[in-house]
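Handing you a structure now.
Note that the chains are named A, B, C, D and E in the order they appear, and that numbering of residues resets to 1 at the start of each chain.
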């Protein structure tokens, strides 16, 4: 317990900072071509849909974004719980760094969904269960960000935010299963683990490419944000000061 | 850094003991490396200029805040542990009275909350000991500053165990008679082996109370 | 009934004069037939036990409440008349500071409200005179009790007219240094012909201030 | 345990009763909102009847959110809350007692006033019954969740909005199933499914919310 | 005079801005209520479009009443109000400044958020325009009247309900003419008559309400 505690509390920020710094360029390098390939396949290669025509192509952004919005929330709640249990500062910082990206993807899913809704259902918005619960997810992200921002004291902010993130995690299964629990306008799952995919392989490939692109982007951005947080919060620690002097001497040399 | 004249350690664990204690409020480190003990039978007077960190220290001792560093033990257990068995009393700057309740009702609630005897007779005698005979049924909103403080302090009159009392500026707003009554309570408590940690900008009655002083301005 | 040693009446009207004053709070008559005067250059210490009616009397003097009977004149005009020309200062038990504003902003607002000089320099020097150099930009919510009281009292440091000051327990929460600073302000005010009516349970520095006492316990 | 719960619960009720008229607040709010509506929307009975259950639920939600923001405020300001957390006994019990008191003072009167709505808007007997049951199951959820939000935002500068932002989204399921039950009755179906989901929601929040509230209170006081 | 007004007005704005998020409160309230409605009432666009103007006005009323009850409360609690009345200068100016600040912080953002309603409920262009003008003329009346009520009920134990009971009846004309203007536009008529009545109401209250507020404050502090 004490060993783990020490690792989380003291060693993690410095090591994380170094490790993430090395990974970030690779992640960007993966995200950009994956997104390009996915968009190309989605918009130029995949066949036109028999019922919906071209408008369905928004699916290649909508669905991966919707997936990411949920996965990121789960990750955030996980790190919040870890931070709470082990009083680990690094875990809190990760949770904190995840929130804006999660909010971004939630917004993206809502926005693309609304854009799609106009041709598909004839309206931008309906109060159906999945749409509502996805909207709640956006509120939860915003609430988390606002709550942490409203608290001046870092320690209190971390713990309060963590509590909210953990409590809000109940929403995720609701989003996921909403189409099954209520019969609504929104489409049910087309890709499941058990049944064979009902869509064309090119469509599936495009969607998977976009999903991987989003994953890489998320890792890159979250790592960058977390590194900034680490430096900000650990500014009094020795290793940060070392880092600062080293980068200063490097600047002077060049 | 400096532990002001620690008394000869008594048989039991001291009521309060701090080692290497550091406290941060906002981004200011108020003190660090503070070590002291409060043993049974002692009255300890925590001193320091305005904004020195006395209130902050008392909140650490009560377990309402966590130290930045070091540890503070109450009856041998970390002060912030929520499941405390041994009793102690904390009376902060705020009186914890309800404007709309009467003095009796307010006090009764506080006693019930803390699991102390709270029969009408006990409450009445406690209020009497703080000199509030005439105002027992008055709503707290109609009490003067000093009368409110007396109601809050009347809690001490029902205590009968040798426990730790943590009092933040208890003499605040009290007149000479009120101070005398409070001193009586403190002395009786010390006599039964209880200990008191208090702050006060008013000079204490050093002859009667013989307090040990911890001066934050001088240590840490 | 009894007017405690009235001073030789000065040339101008006294800053405060009461005759046959009675005050009721709820259904209790706190005092009646009270008569006293506060003349320029005087420091008057209003005494009385807890709940005697000191705060109530100060509110009558400030015009925040109306007497049950008798009259109280401030600079020759009934105290409760709202259109008062002559300035006076009332600082009650509450500090009238805003938690969310900084010390400087809070003080600046109070000064502007009362039409006193409120330039940044004036505010800064006032805060400095109460020893708040380091905490000028801190939010009031992060100040300690004593620091808040100091901010409230810093208003007195910009006053430069021989007016009446009405202060309810101004020494509350102040440490020795704060008390000293307040005393300096009071003495400077008395020297310029201003007058002070204050309450305090703390023994005043009678040697320096030479206050005249009005003891509510003994009169009325 | 039980005496601690009762001590806190009864004190809150007593405090509320001291302010006699104030206890009428939720009902007043309810009645006022409900009677302003016909003024704003126009008096067609058909539209109004359709509106009534939704209106009742929205009023319940708003009344709960607005009053819950003050749930811990005065205890925080005057130091009582500090004393409550210092008992060394379970803060969860105290959190539960405060939520229960809040429901008794804001949810219960609202349920009592709901039949009035039936009169004003000419709601059918059965639909009114379903509305009452749904409120009975749903309003405690609002009080329980509201308490978590109130504890989290205690003493913050922007407590009001934050509370809305944090808690309202979580209460939307109660709203959906509550009005869903009435709609089911209106459509001639059984509201049983909706009720059991509401009941499950209630049990879930009753078990978890007080724990979260207690944790949040500790964080906020630090 | 002017500097006193500005001192009080600007301080209130600054205090509100310190609580950054809090300034979004009226808008949040508005948006939340407006978006809860479809959940409770059902999503038929026809019904919703008809509801929208009434909903906007009821929200404006409720938001004003709920926030105005706190207009003097914190100044009262911390002694600032005492100091304000002790300036020896006109308490009427102070009352006017507090009302103006309240409107800036609750009325104005609500007007800014009203077009959102147009989006959510698909309201026609012209009707939306009429709604905005009616809110612009009407909401200051709410703030001015609310201040009188808040001052009268200051420090009373049942301030909340009393305020609702005292002030709401007085604001009903504003509500009727405000929604009337939108209805007129919907019916293809000119809303001019309604606007001039709203304007007259505004002038009348602007001249009298601050005086009443100042008097009420003096009484409440005694």
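We take it that a contact is a pair of C-beta atoms (placed from the backbone, for glycine too) under 8 Å apart; a residue touches a chain by one contact, two chains touch by 3 or more.
Chain labels with UniProt names: A = Heme exporter protein C; B, C = Heme ABC export system, ATP-binding protein CcmA; D, E = Heme exporter protein B.
Just so you know, these numbers come straight off a predicted model, no measurement behind them.
Using the contact threshold fixed earlier, the set of chains in contact with both subunit C and subunit D (Heme exporter protein B) is B, E.
Both subunit B and subunit C are touched by no common chain. Distance between Cα centroids is largest for the pairing of subunit E (Heme exporter protein B) with B.
Ranking every chain by how far its Cα centroid lies from the centroid of subunit A (Heme exporter protein C), the top place goes to C. Subunit B and subunit E (Heme exporter protein B) have Cα centroids lying 47 Å from one another. Between subunit A (Heme exporter protein C) and subunit C the centroid-to-centroid distance comes to 60 Å (mean Cα coordinates, whole Å). If you average the Cα atoms of subunit C and of subunit E (Heme exporter protein B), the two centres end up 38 Å apart. Looking at subunit E (Heme exporter protein B), residues 18-19, 21, 39, 157 sit in touch with two or more other chains. Counting only residues that touch two or more partner chains, subunit B has 26, 93, 100. In subunit A (Heme exporter protein C), the positions touching at least two other chains are 132, 146, 150, 153.
For subunit B in complex with subunit C, the residues that touch the partner chain are 25-26, 48-52, 55, 93, 135, 138, 142-147, 150, 169, 172-178, 201-202. Contact residues on subunit C toward subunit E (Heme exporter protein B) in their complex (touch as defined above): 62-66, 82-85, 87, 90, 92-101, 105, 109-110, 112-115.
Remark: subunit A (Heme exporter protein C) residues 129, 132, 135-136, 139-140, 142-143, 146-147, 150-151, 153, 155-156, 159-160, 163-164, 167-168, 170-171, 174 touch subunit D (Heme exporter protein B) in the complex. Residue ranges of subunit E (Heme exporter protein B) in contact with subunit C, taken from their complex: 3-4, 7-8, 11, 14-15, 18-19, 74, 77-80, 82-89, 91, 218, 221-222. Against subunit E (Heme exporter protein B), the residues of subunit D (Heme exporter protein B) that register as touching in their complex are 18-22, 24-25, 28-29, 32-33, 36-37, 39-42, 47, 50-51, 53-55, 57-58, 61-62, 66, 157-162, 164-165, 168, 172, 175-176, 179, 183.
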